[in-house]
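The first chain written gets the first letter, and so on, giving A, B, C and D; residue counts start at 1 in each chain.
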C-alpha cells in the first residue's frame, strides 16, 4: 500500500524528467543543443504561478478537466508497478488502468470541444479517431501478457515473468511489445502520429485539445500528459521486459530495481527520440494504415499464443 | 402466499390504471397523474415481487380459468425476477420522469391514452418475463409489441412517425412468427404448452430439429433485441416514440428478448452445440461493431442512442455467446461468470440507456429538436440535465467505476478465460471477438463523447438551443434516480454480483458467488487470474481528486480565473466556427468508408477567378446499407410478385369462368391419371 | 332384361344431346341458340321418360315432364322474350371463332370420355354409358360461357351445364330423390328469371348486354 | 323445433315486404324479429352443444350445424341492428327510398332463411338447393344500390356462383351414386344415412364427387381460383350485407364442403384425399389473397380479399387435420365471422363519412370518428392474427397442426404469407386511421347505435382471445372426433 503510494509519487515526480530526457536526446539526434533535461520542471512551475483564462463559452467541464486528468493518471500510477512489483493491483487490474487512461482522454477531448473553437473540436475528433484503434491494441497486447503470465494484475504479470526466468518468453511477447510500442507513440502524441512540438494548428492532435487551457490548468494538463507518457514507458518496461524488477523490499532488490528501471527508461526514451528524429509525421488519413498494422500485430500476438 | 397476492396486484393494478387513465382522457392533468402514479406504484410492486422471489427462489401462479392450451400459468424463478426487477426499477424512474414529460402533450395529443398504454406496456413486459405457458407468452409478447407500437405512433401527426411505427410492428411480427413456430415445434415434441415441459422434450429431439428451434428463436428474439441485420427498426422507432417510451423500449423492452434468449439457450433447449454459442457470439460482434459505428456518425440524438442500443445488445450477446461456448464444454463456472457478466450488462445498460433517453427527452422538451447540429451550450443552460446526461454517457463509455465499466470489465474477464477451452480454433474466435469488443468500447467512448460534447458544450447552434431552460423537477428526479443508480450499481457491484450468481447458478449449473466476491473485491475467475475492487477505485479516485485539488490550489497560490473569448485565429465566434457533429465523426467516417458507403457531393459556383468562390456546397450522407440492399429489394420483390399475381383479376367474367373450367379439367385429369 | 329398343332409344337421345352441344357451339344466331337448347332439353326429357319406363320408377316421369315443360318450352320462350325486349343483336359474337370452337369441343368430348371411363365401368345403371356425354355437355356448356360475349349466351351456357348435370343424374342414379329434384327445378327456374331481371337492368345501365364491357371491377 | 328457426325468418321477410313504406315499423319488427331469431337459434345451437344432435327427419342439427346456426343468427342479428342507422343514413343522403328499405329488410331475412336452411338440412340435395337459394336471394342485396358497378358485381356473382353450384350438384349426384349399391332405392341422400354406411361407400364415386363438390361449393366459399366474384360482390353490397356475405355465407359454403369431407374421412378412402385437396386450395387462396391485399387500393375489396385469405386458413386447418387443425378450423370459422363483421361495420361507417372506398382518400379516421377508428384498428389487428384477439388463437392452432404433421413447407409458406398479409393489411389500415383528415370531412360518428354491435363484436373477440367458453369448447372437441381428428 505504502510502497505503491511512494512509487506513484515517484512516477509523478520523475515524469517531467523523462520528458526532458526525450526532448534532450531528440535535440542531440537532430544536432541541436536543446534545453536542459530539467526544463519541463521549470515550465510547470511557471505555469502554476499564472492566472488561468477561461473561454466565455466554456462550461464547468473545462474547469474540472485538468483535475480529472490528473486524478486519472495518479490513480493509474497507483496500480502500475514501478521499481518494485507491488502496486494496488487488487484494486484494479490492467483493464482498469487502460480505462483510467480512457477517462483522461474522454475529459480532455470534452474540454477540447467545450471552448467552441474549431481547433479544439478538430483535436478531439482526431484524438478519438486514433484511440478507436489504439485502445483495443493496447488491451490486446497486454492481454497477451496476461495470458502468458496467467494474471491480469499488472504487478502479477511482472512478478510471474521476472521470477520464472526465460521460461515464459514466447514469440507472442515480441509481437505484443511491437504493437504496444506503436500504441505508446500514438497515445502520447508522438511522431509519427502527432507532433508534440508543432506550431501549426492544422497538424495538431493533442496540442489542439489543450489549446484553450492556460495557467494552472495547463500545468496540470501538461503534467498529467507527461506522467501518462512515463507510465506507458513503465508499463512497457515492467510488463514486457520485467527482468530486474524488485520482487522484495530488500536493499539489494530495490537497488537492482532502480538501476534496471533507469536503464530501461533511458533506452525507451532514446528509442522514442530516435523514432521522432528519423520519421516524419504521417498524414492523418495515412494513420489508419499504421494503427491497423499495430492492431493486427496485437491480435496476432494472442492468436500466436494459442497456436505456438 | 404473500408473493402470489402481490403478483396478482401487479397484474391487476396497471390494467385498472390503464382503464382509468383512458376514461379520464378528457381531463389531461388528472389522467397523467393517475396513470403515472399507478405505473410507479406497480413498478414498486414489481420490485417487491422480484425481491421476494430472490428470497424464496421461485413462484408459480395460475390464472383461475383454463384455455385450450392448458392452464395459463406464471412462473418466476430468479432469472425472471432479475428481469422483473430491472423492468420495475427503470419503469419507476421513467414514471417519475413522465409526470413532467407527459404534460407537454396536453392539448396536442390524447395524454390519457399515452398513460393507459404506458401501463399496459409495463404490464405486458412483466407478463412476458413471467409467463410459463407458451401461448400465454406469445399473447403477452405481442401485447408488448402492440402497446409499444401504439406508443411509438403516439405523435402520429409528425411526419414519418406512422411509417416508422409500422416498420417496427412488421419487424416484430416477423419475429413473433419465428418464435411461435419454435414454440410449437417444442410443443409438438413435449405434448404440453408449459415451458417447464420443454427441457425434457429437448432431450428427445433430433439435433436438426433442436437446431431449427434454436435458429428460429434466435431470429425471432433477435428481431426484438435488434441484432444486425434485424436492427433497422430500432433507429426508426426509438426516435419516433415519446422519449419516456423510448427510454422504456430501449432500456427494458429489448431486454425481454435477451431474457428469452438466455432462458431458451440455457433452460428450454439446454446448451448442446458449440456452434450455437459461436453463432450468438458472431452475431453479437457484428451487432456491437456496426451498432456503435452507426451511432458514431449519427447526428440525431435519439437515433444515436438507438444505434447504441444495437451495440449494447451486441455486447450482451457476446457475453451470452461466450457463456454458451463455455457451457458446451462443460466449463460450468466460466459459463456462470459469462452469464453474470451478461446480466450485469443488462442491468447497467438498462440504467444508463434509460437515463440517456430521458436526458434526450429533456433536451427535446427544452429545445424542440433532437438534431445535435442545432444544439450546443446546453451544459450552461441546463446544468442538471447536462450533469446527469454526462453520468449516463460516462457509464456508457465504460468509465470506471460506473456500472457500464463493471459489466464490460466482467465480459473481458470472462473472455480472457477462454484459454480453458480445449479447442484452439474456438479460442481464436473468442480472441477475435475480444478485439471486436475492445474496438467497440473505444468507438462507444467516441460516440458518447460526441453526443455530449456537441449537444451540451460550447456555443448553441440555434436559437432554440440558446433559449433552452432547465426542465421540471419531476423529470430531473427521474433522471437523478437513474444517475445515482448508474454510480451505485458500479461502486457497489460487489453486493449485486452474488444476486446475479443466484440467477446464473441454476442455469449454468454452478454457483461461483463464493469465489467471485471477496469482501469488497471482485475476483471473477478460478484462481488468482484477476481482481478489482470498484469501491476502492471510487475511494482512490475521490481521495486523489481531493488531493490534487488541494495541492494545486496550495502550490503557486490562489490564482484568478479570467474570462475571455475563445481564440479562433481572429475569426468571429459564431455557431458556424464550432466543430460540428458531422465534422467530429468525419475522420472515422472516412476511415471506414467501406462500411458507411458515404455519398459525398461537392459543388462550387464558378466565378471569374479560380481563387474566389462565391458559394460552395458540400453534402455528405450515409447510405442506409441494410435498407438499400436487404429490406428494399425484399419489399420490392414481394410487391412485384403481388403485382404479377394480381393480373388474374382481369374483371372479365369469361376469364373467371375460364379459371373454373381449367381447374375442373385439371383436377379431373389428375384424378384419372 | 333390358329392352333393346329402350337402350337404343337412350343411346340415340344421348347422341342427340351431344349433337345439340356441337350445334350450339356452331350456331351464330341468338334465335337458333334457344331453339337448339329447347331441342336438347326435349331429348333430355325423352331420355328421362325412357328411363322411367324401363325402371318403373314413377317420379322420373314427373321429372321428364317438368324437364320438357320448363326447359324445352318455358325457359326458351322467356329467353327469347328477354332478348327481344332488350333488342339484342342477333349475332352470337363468339370470342373464339366457330371452327376453332368446334375443334376444342371435339377435344373436350374426348377428354370427357377419358376422365369418365373408370366411373362408367363402375356404374350399375343401364344408362351409365351416357356419363361421358353428360360430362361433355357440362364442359361444353362451360366452354360456351367462357368463349361467348353476350350475357344471354352465358345464361344459355349455364342451362346447358344444367342439362349435362341432369343427364349425369339420370344416367348414374336414375335421378335424385323427388323432393330434391323438384327443388332443383325450382331453383333453376327462379335463377333464370333472376338472371333475366338483371340482364334487363344491365341493359338499361350499360346499354348493351355484351358482358365483356363488365370490366370496371378489377384489380 | 328446428322449423321455428326456418319459419320465423320467412314470416319476418313477408311482414317486411308487406309493410312497405312504414319504415319505422319495419325497423322495430326487424330488430325484434332478429332478436327472437337470435334467441331461438342460440337455443338450438346450445341444445346441440349440450345434448348432442337433434334429428327431426329432414331437419338435422349436430354441433357443427349448431355452431353455424349460432354464427348465422348472431351476425344476422348484429347486421340487422347495424342496418337501422346505416339505412337511415342512406335514406338521409337520398341514396335509397322507403320502398327499397322494405325490400332490403325482407331480403335480408330471406337471406338468413336460406342460410339457416343450409345448415339444418339433413338431405345433401336440400343443402344444395339452399346454397343455390342463398345466391339467388343475396343477388338482390348485392345489387341493392343498382349502380353500374353493383350490377356488374351481381351479374358476376350470379353467373359464377351458379356455374360453381352446378358442379356441386354433379358432385352430389356422384356421392348419391356411391350410396346406391349399399342403400339401394332406399337411399334418400340424407347425410346421416350416408354416414351410417360411410364405410361401404364406393371410393371412386366419392373421389370424383368430392372434387366436384369442392370446386362447386368452393366457388361459393371463395376458394381461389374460383374466388373471382367475391371481391366484387362483397365490396359492392351495403356494408351489413357484406358482413353477412363474408362472415356467414362463406362459412355456410365451407360447411357444405366439410360435410362431404367428414363423409370421406369415414369412408374407405380415409381423410387423406379430401384433406390434401383442402390444403391445396387453402394454400392457393392464401397466396392469391395475400397478393391482392398487398396491392389493394379499395378498403372494402381489401376486406373481401381478407375473407378469401381466412377461408384459405380454414381450409388449411381442416387440410392439416388432427386435433389442432380441426379445432383451429372450426374456431376460425367463428372468429373470422365475428371479426370480419366488425370490420365491415367499421368500413360502412367510414364509407358513409368519407363517401369513397379509396384507401388513399381516407385519412385521419382517428380524428373524425375516434370510436369507429379504435374499433377498426382493433379489428384490423385481430383479423391479421395479433394476440390477444381470438383469430390469433385459431391461427396458432392451425400452425400447431401443421407443425405436428411435419408438413414444413406448407407451414413455412403459411406463416410467411400471414406475416406479409399482416404487414400489408396494417399498412393500409394504419394509414387510414392516422394522419390529418382531408378537408371538408366533419367530425363526429355516423350514429351511436351503429357502434353498439361493433362494441359487442370487439368485446367478443377480445374475450375469445384468452378464454373459450366451456360449452363451446366441449362441443368443438366432440366435433373433432367427428372429423376424425382424435386419433
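Points worth noting:
Convention: a residue touches a chain if its C-beta (ideal position, glycine included) is under 8 Å from a C-beta of that chain, and two chains touch if they have at least 3 such contacts.
Because the structure is predicted, anything quoted here is derived from the model rather than measured.
The set of chains in contact with subunit B as well as subunit D comprises C.
Chains A-B form the pair with the most C-beta pairs in contact. The chain with its Cα centre farthest from the Cα centre of subunit C is A.
Every chain gets a centre from its CA atoms, and the centre nearest the mean of all protein CA atoms is that of B.
One inter-chain figure worth recording: subunit B and subunit C are separated by 69 Å, centre to centre, where each centre is the mean of the chain's CA atoms.
Inter-chain centre distance (subunit A to subunit C, centres taken as mean C-alpha positions): 100 Å. Taking each chain's centre as the mean of its C-alpha atoms, subunit A lies 35 Å from subunit B. Centre to centre, using the average C-alpha position, subunit A and subunit D are separated by 78 Å.
Counting partners per residue, subunit C has 118, 142, 145, 154, 211, 214, 216-217, 219 as the residues that reach two or more other chains. Looking at subunit A, one finds that none of its residues touch two or more other chains. Multi-chain contact residues of subunit B (touching two or more other chains) are listed as 646, 649, 653, 657, 660, 664, 668, 671.
By the document's touch criterion, interfaces exist between A-B, B-C, B-D, C-D. Contact residues on subunit B toward subunit C in their complex (touch as defined above): 646, 649-654, 657-658, 660-661, 664-665, 668-669, 671-672.
By the touch criterion given at the top, residues 155-156, 159-160, 163-164, 167, 207-208, 211-212, 215, 219, 225-226, 228-229, 231, 287-288, 290-292, 294-295, 327, 366, 381, 386-388, 392-393, 396-397, 399-400, 403-404, 411, 415-416, 418-420, 422-423, 426-427, 430-431, 434-436, 465-468, 473 of subunit D touch subunit B in their complex.
On the subunit D side of its complex with subunit C, the touching residues are 58, 123, 125-126, 128-129, 132-133, 135-136, 139-140, 143, 146-149, 151-156, 158-159, 162-163, 166-167, 169-170, 172-174, 176-177, 180-181, 185, 187-189, 202, 204-205, 208, 231-232, 235-236, 292, 295-296, 301. On the subunit A side of its complex with subunit B, the touching residues are 45, 48-61, 63, 66-68, 70-72, 74-75, 78, 88-93, 95-96, 99-100, 102-103, 105-106, 109-110, 113-122, 124-126, 128-129, 131-136, 139-140, 143, 146-147, 150-153, 156, 201, 211-212, 215-216, 219-220, 284-285, 288, 295, 298-299, 302-303, 306-307. Taken in their complex, subunit B has these residues touching subunit D: 65, 67-68, 72, 135, 138-143, 146, 153, 156-157, 162, 165-166, 169-170, 173-174, 177, 180-181, 184-185, 187-188, 638-639, 641-646, 648-649, 653, 655-657, 659-660, 663-664, 667-668, 671.
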